[in-house]
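Order as written gives the chain letters A, B, C, D and E; numbering starts at 1 within each chain.
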Amino acid sequence: MQKSMQMDAAVQPDALDRWTRRQKWKDDAMRWVFVGSSVLVTLIIFSIIGFVGYQGSLTFRDVSPAEFFFSTDWSPSSEQPRYGALAFLYSTLLLTLLSVVLAVPLALSGAVFMAKIAPKWMREILRPAADLFVGIPSVVYGLIGLTIIVPALGRWFGGIGYGILPAAIILAVMILPTIMSISEDTLRALPKRLEEASMALGATRWQTIWRVLLPAARSGIMTAIILGMGRAIGETMAVFMVIGNSPKIPSSLLDSTTVLTTAIVKDMANTFYGTAWNNALYLMALLLLVISLSLILGIRMFAKRSELK
Amino acid sequence: MALIQIEKLNLYYSEFHALKNIRMDIQEKSITAFIGPSGCGKSTLLRTLNRMNDTIKGVRIEGSVAISGKNIYESGAGVETLRKNVGMVFQQPNPFPKSIYDNVAYGPRIHGTTRKAELDEIVEKSLRSAALWDEVKDYLKKSAYGLSGGQQQRLCIARALAVSPQILLMDEPTSALDPISTLKIEELIQELKDNYTIVIVTHNMQQAARVSSQTAFFLNGEVVEFADTVKLFSNPEDQRTEDYITGRFG
Amino acid sequence: MALIQIEKLNLYYSEFHALKNIRMDIQEKSITAFIGPSGCGKSTLLRTLNRMNDTIKGVRIEGSVAISGKNIYESGAGVETLRKNVGMVFQQPNPFPKSIYDNVAYGPRIHGTTRKAELDEIVEKSLRSAALWDEVKDYLKKSAYGLSGGQQQRLCIARALAVSPQILLMDEPTSALDPISTLKIEELIQELKDNYTIVIVTHNMQQAARVSSQTAFFLNGEVVEFADTVKLFSNPEDQRTEDYITGRFG
Amino acid sequence: MKWNNLTNRLATVYFWAIGISIIAILAWFLYQILEPGLPHLSWKFITGMPQELTAGGGVGPHLFNSFYILLLSMLFSLPIGIGAGIYLTIYAKKNKFTDLVRISVEALSSVPSIVFGLFGALIFVNWMGWKFSILGGAATLALLNLPILVRVTEESLSTVPSSYWSASLALGSTRWQGIRRVLLPAAMPGLITGITLVAGRALGETAILIYTAGTSVSRFFPDFDPMAMGETLAVHLWYVGGSSLAPDAKQIAQGSAALLVIVVLVFNLLIAIPSRILQKKLSGNK
Amino acid sequence: GCGAKDNKTNASGGSEPNKPAAAAELTGTVSASGSTALQPLVSKAAQDFMAKNPKVTVNVTGGGSGTGVKNVADGVSDIGNSDVEADAQYKDSLKDNIVVIAPFALIVNKASVGIDNLTKAQAADIFMGKITNWKDVGGKDLKITVVHRPDSSGSRKLVKQIVLDNKDFTKDGVTQDTSKTVAEAVGSTEGSVGYVDVPYIKGNDKIKALKMDGVEYSADNIKSGKYPLYGIEHMYTKKDKESPAVKAFIEFIMSKEFLGKPEVTDLGFLPADLIKK
């Protein structure tokens, strides 16, 4: 090895050798930068989980897990404080499910429309418009929900109009562009030869879309739904304004209820650090994290399993 | 009467005049080869036969292509019916990301066959015709992507056969394959001739000479010469054909 | 002494034994062709010569490959220096999405040449060697994607030449091209022989016969026969070689 | 056959209807935001200082803070996000560490922003002693951006044909040279689109910033001190809607909402146009 | 003109032993965080204070009462605004500055409810969910919707103490984040009732404030003890560690000069010495 390096130096001008060595040094350095970035990302998530998890686990000094997870009685400010979070958990899952159910058919149809049917000029308008909606602050969505959707629902269905339904409508609009854009990208990235193969067999456009393109784009569509769902689970401000925030299991889609995120913001700022109440809010944050992570992993696994071997 | 009759066919990609005044008669149950340098319009002409050019924006067609005496650009039967009758195999094997079985059953299904027993029969018959049955019969539920390139191409042929077309178009079906797979496909083409009318585009003159009964030589969107394969290769009439087939081109 | 000496080379893709006990000596300024059916290991062996296999996960190599007497798997000189010395041209033309000039200048730049005049000179010289200069000299700033397939492939050759390698590896450099472009590239290869040592993988036996001085026939990861091209095609020693080159394979 | 044609036609009608409804929904929302807000937009409003109890307050410092925080957060998150994305596409071997990084990115992208807010408040505001500041807000916002950037990088890099990478390595480039000179430029259009998305989200974020950047602005405008408090336009909108006692609070809220939408729109355009030109140039003006 | 005079007052008012009583100009930064209900007032004071003392920067932010108190204890802020008394754990380390008194009122949807007075018992029954229709208290035949503040809010604690005698609120109804949004929700929901601090009543013409036991809220009625519904606003500082600027700022807020300004008086906050025990 020693020998070969010397020979190299003899063959090549000195300056070039230095250049090569410097490039190699840079290459090594950059590799560490990239590894470092990855390590940092990992550290961040672990410290978040650690922080939220530690603070949350302190709840169990004052509250039994059975009460927290299985009771619906949330009355932290009463003389005999009760910390049952089941109602929040229930509503969170219901709200997420409903908003995804509302958004996905629309978003997927929209994606197909944009990728395969719409004329070019229409796409060129719709796509940036959709991107724009990702940037509209949730407070604005909330405001529209509060001033227009809630009163309208109240008028149509009677009652006050607050509840899971208006929240789901708002969330569906919020996540629609995300799901649509990513699904469209996936559809567009499919090799043209799949479509050609189907058309050449005499399939109509609709048959091609339904039987070939959508199945082939499945994994990208899953990613899109997961991202949308993640946003729906974590959304706070907009939901707060329209869901009503009663700490109970709702009797209908138009009954006031609370989800985990709004339960947290509602009281986080005004409760004292280190009290059982405050700790319970951190525990809800942990719960939220665990739910969204397991939903995501679950869907990923399901998608992988249903793929062809 | 010839099965396919092409009359005064002109095709434009927007401005670009890609096919110039093509006339050609193709007989039933024959194998016709299209040869010529890249970009001369072989694929374009092939695709006018099943109207796959319809999917490309800005394509304009003049003249007529008649199959069994009916102009396919005017008939009311619809492009789906036409394509069912005129199957196509592409340069790159392009199976669907589905199982082997579902690939072959795709065509029958979209055309309304749903009974399992019937489908089973069609799948087996098509795979046998494509000389693939013995290799895959135990793995019908496996993904088509697990097959080798040559197997995939035969699968695509089986898929095309499953809707029982009359005509089979092949656009350089072996150019992505190794010689052994190529040989297999060539043998298969020879066998298929008994039941189908085949039009094949190829870059490989040896291949054209081996498999086809007629050959058309293209240049710049025109058919320079269209004749019996043996005649065209041994005794071409046009100087340009001769230059091309002897490699002295340009 | 031969320029490239391959000794007892074994290569594994994880479990799969892809190259089996290869020995081969390749002389300086010769053209060596690798032929054989698909999957027999031609590309794999070619890529061991510039260690491009290093980029594939799970590859394990035993034995030695020496260039100018030094084992490239042991030398401390680094894989970058090796690859600078051993250029490579791929099956599909793969220019960068940059201008023609920047494509050719890429190699010299990453190896430390920054002076404009010097770069200009290298670019012109390389493009001339690749027989492309006259066609592109007025469009050097245009994107390489505006070129035809054959031009792109010659650009890739020019790009490889620009770092003045000693050896040029080509993996089916014409299989994506039409016959006319193929002919041009084959002529080019013949010219390059005077200055470079060339190893070329091809599916096309005619091509091997036309361009190479030595030919190696591969089967299942082994070199069945390695001999002068004329000898190998006219009078093969091994029965399997004969079967393959006469198309009676299998 | 008839049946196929019928379903096909029905499907076409359906997709057009959906396409048009989506446009209608989006347009309706835009209208609801812009219609009440636009009349309130004036130069004085856009560049003025806020007022507490009296009418006529502006949002100049908030607008400034929005961009300042966005810029700083990008400064933190871009190198790390792109770095990790590059690691995952190029260097990652199939091992435990890679799986861990991947799951971390996944997990990070599923963290609700309120949790980021709490975390940022603890780490940056409290432990690091940055108090409520532009810096603290930007750092926390960077955490929100990270997973999206990692994913966008991974995706844009993986659409770059692998042939570029082999070509560069075969010429003897180091990996870093190949990344910097070939992969990143080729992935640039995708990266830029991703960055616009991230920026849009950051401009609209409230939950995180309330706990980290504070809900008031510096008395100076513009104030480049990263330790100053940095209420952004979106947060101001939240504050004005929820607490302000100014008599024209409602108009300010509507004006801010409209302004915010316009800002995001302009931002998108400013980035999309050069990126499209770049893309054309790369793909060779064909 | 008046700035110089005021500075002198502030400096002499400071009892820092190591600081000479010379009339030095005030410098430094003051940061306050906490109660959102108090934020508009403190922000306004900050603006006026900075105008008088150009070398002092006052930053005011929300975050909630709990956060505010924790922030002072942790040194993140100099002042923690709170509308509730701090947790026992902070008693020793923090100094409690009571700055103003904030009157509260019960509000109802103006158009639909049809009453303008509730007895304390009626109000308690409504908030506990025992009375669910306005006709039971003499109003129209209309279902009652209660609009709450969050459990942890000072306002809710106050109403619970004074009106409900510490019994629990009903879990039905709607919860809004801030007093302002409560006022808006009550304004837009038929048959709704809520409670807010009075600055948020004015300027919203869809709600109306109810009398309690026939008594209207006013400075006089509070002073005389007839109107019981009011909160005490605290600004906590770190005991013995307040900078001169912090002290001066708190004094400024409590001064007649500031509280006497028309736009501040208008809000309805009352000076802390109104109910001196």
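Note that in this section a contact is a pair of C-beta atoms (placed from the backbone, for glycine too) under 8 Å apart; a residue touches a chain by one contact, two chains touch by 3 or more.
It should be emphasised that the depicted structure is a prediction, and the values quoted were computed from it without experimental measurement.
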Note = Overlap of the subunit B and subunit E neighbour lists contains A, D
Request  = Farthest from subunit B by Cα centre, which chain is it? Let me know.
outcome  = E
Remark   = Cα centroid separation, subunit C vs subunit E, in Å, comes to 81
Task = Take the average of all CA coordinates in subunit A, do the same for subunit D, and state the distance between these two points in whole angstrom.
result = 15
Request  = Could you please state the distance in Å, as a whole number, between where the Cα atoms of subunit A are centred and where those of subunit C are centred?
outcome  = 48
Remark   = Rounded to the nearest Å, the gap separating the Cα centres of subunit D and subunit E is 36
Query = Listing for subunit C: what residues touch at least two other chains?
reply = 80-81, 110-111
Remark   = Flagged in subunit A as touching 2+ other chains are 23-24, 204, 207, 265, 268
Request  = Return the residues of subunit E touching two or more other chains; collapse runs of consecutive numbers into ranges.
outcome  = 62-63, 67, 177, 181
Note = A full list of chain pairs that touch reads A-B, A-C, A-D, A-E, B-C, B-D, C-D, D-E
Key: Touching residues on subunit A, where the partner in the complex is subunit C   = 1-2, 4-5, 7-8, 15-16, 19-20, 23-24
Request  = Enumerate the contact residues on subunit B facing subunit C in the complex.
outcome  = 37-39, 149, 177-181, 183, 203, 247, 249-250
Ask   = Quick one: in the complex, what on subunit D touches subunit E?
value = 52-54, 125-126, 129, 131-132, 210-211, 214-216, 218-219, 228-229, 231, 239, 241-245, 247
Query = Considering the complex alone, what residue numbers of subunit A touch subunit B?
reply = 191, 193-194, 196-204, 207, 211-212, 215-216, 308-309
Key: Complex contact set, residues of subunit E against subunit D   = 31, 33, 36-37, 39-40, 43-44, 46-47, 50, 57, 59-63, 67, 74-77, 177-181, 199-200, 203, 263-264, 267
